[in-house]
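Letters A, B and C name the chains as they come in the text, with residue numbers starting at 1 for each one.
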Amino acid sequence: MANIEARLKELGIVLPKPANPLANYVPGVIAGDLLFISGQLPFDAQGKIAPGHVGKLGLDIFNEAGQEAARMCAINLLAQAKAALGSLSRIRRCVRLGGFVNAGPKFHALPAVMNGASDFMVAVLGPEKGRHTRTTVGVAELPMDAAVEIDAVFEIDPESHH
Amino acid sequence: MANIEARLKELGIVLPKPANPLANYVPGVIAGDLLFISGQLPFDAQGKIAPGHVGKLGLDIFNEAGQEAARMCAINLLAQAKAALGSLSRIRRCVRLGGFVNAGPKFHALPAVMNGASDFMVAVLGPEKGRHTRTTVGVAELPMDAAVEIDAVFEIDPESHH
Amino acid sequence: MANIEARLKELGIVLPKPANPLANYVPGVIAGDLLFISGQLPFDAQGKIAPGHVGKLGLDIFNEAGQEAARMCAINLLAQAKAALGSLSRIRRCVRLGGFVNAGPKFHALPAVMNGASDFMVAVLGPEKGRHTRTTVGVAELPMDAAVEIDAVFEIDPESHH
């Protein structure tokens, strides 16, 4: 079994301290052996969205920046999963990513943007646990004008010793 | 255990008789201990969408009306949950709300709109059962030009005596 | 119990050989008794999207073509379900369809478009297994400028003899 924490260290990734929502919702809910994570924005370790990750793809920012933003959403998804589970070793699999890209007119390279998140999940969790289903769409607006928002469902070990 | 029906009465909320979809789908499906509810529009008790809950946020209507529309979607989600379950006492928890806001150009106050639904869930179900994960995005168009559409997943007691 | 394969034959539908995504995600993931399927585009049996299923509803293409595109997404959902399960007889029920319509300005006939997918599910699986919850929204852009994208959750028999 791959050690997820070790893999994060190898990749030089420090999971940010996940912010708690300032409203009547929570970042993660466990229901049976599923963990649902709220839509995450590309906040950085300082809790800010870098100017390069704000705005519409194809209009304000372009493919690589979008991919980077998607990757940061995925890092935050994992940080929230860790907060909800206590330990990332309880993750059996990433089941689903829902990707919402802030898309300018005629921007159709949405899957390429979303690969930033998918590639990260596989890099960290390995292909067995990391490969997920996904749905990628281009939306009209996102909170804080973020370039990308992603939510997730993980399958977890509900009876864990951590 | 909070009595959800009593809380609804306290809040002066009468759940509307939920409308059945006029197509080949249903308002709610139970799978194991999860209840999925179809996307709900802000229909009022008369089965109409008030003119103030139609159109784009930031263009045709504004924050408070949007929040109110989101609250009405949440009322309808609960009405559909009751119809699917027989009794609201079978709800263990609201797991997830998926919020789609009909967003005009540069309208980014999407979370504030969605709070109308989240606050309602917590007011009725209490913080333990009511706090959920959520994903809020701004979409291009919604059925009937509604201001908001919200779907839900609840965790339920699958073996109930009602 | 309806024989799904026989019903497909009656309807003259040959499920296409489902394409594997060319990225770090998969078409289907089983978690317990749920099967999640990635967002499907209206690819035809040759793996192409017909010009009539490209573009915005209400602008480039119209209701019937949109409905047809939604139906093709649903055919691909079923093809992916078969690939993931080995046999369609393991499907207990279609739990949820998430419909994303590429919507031009003021195009609100989104449910009519989505009926193309819902009607197909009920035609093939029968009303008991085929009726699902659904969420239909109009999005700004879709991959490959497809007219419709749909994802799904099925309830399945996890312990199957196939």
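To be clear about the criterion, contacts are C-beta pairs under 8 Å (C-beta built on N, C-alpha and C of every residue); 3 or more make two chains touch, one makes a residue touch a chain.
As the structure is a computational prediction, the values presented were derived from the model and not from experiment.
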item: Touch-based graph of the chains, sorted into line, ring, star, complete or other; value: complete
item: Angle (degrees, nearest 5) of the CA superposition of chain A onto chain B; value: 120
item: Same vs different contact residues, chain B with chain C, by half of numbers used; value: different
item: Centroid distance [mean C-alpha coordinates] between chain C and chain B, Å; value: 25
item: Residue numbers of chain C (touch at least two other chains); value: 32, 34, 139-140
item: Interface residues, chain C side, partner chain B - complex; value: 32-34, 93, 95-97, 101, 103, 105-108, 110-111, 115, 118-119, 121-122, 127, 130-140, 153, 155
item: Touching residues (chain side chain A, partner chain B) in the complex; value: 23-29, 31-32, 34, 36-39, 98, 100, 139-145, 149, 151
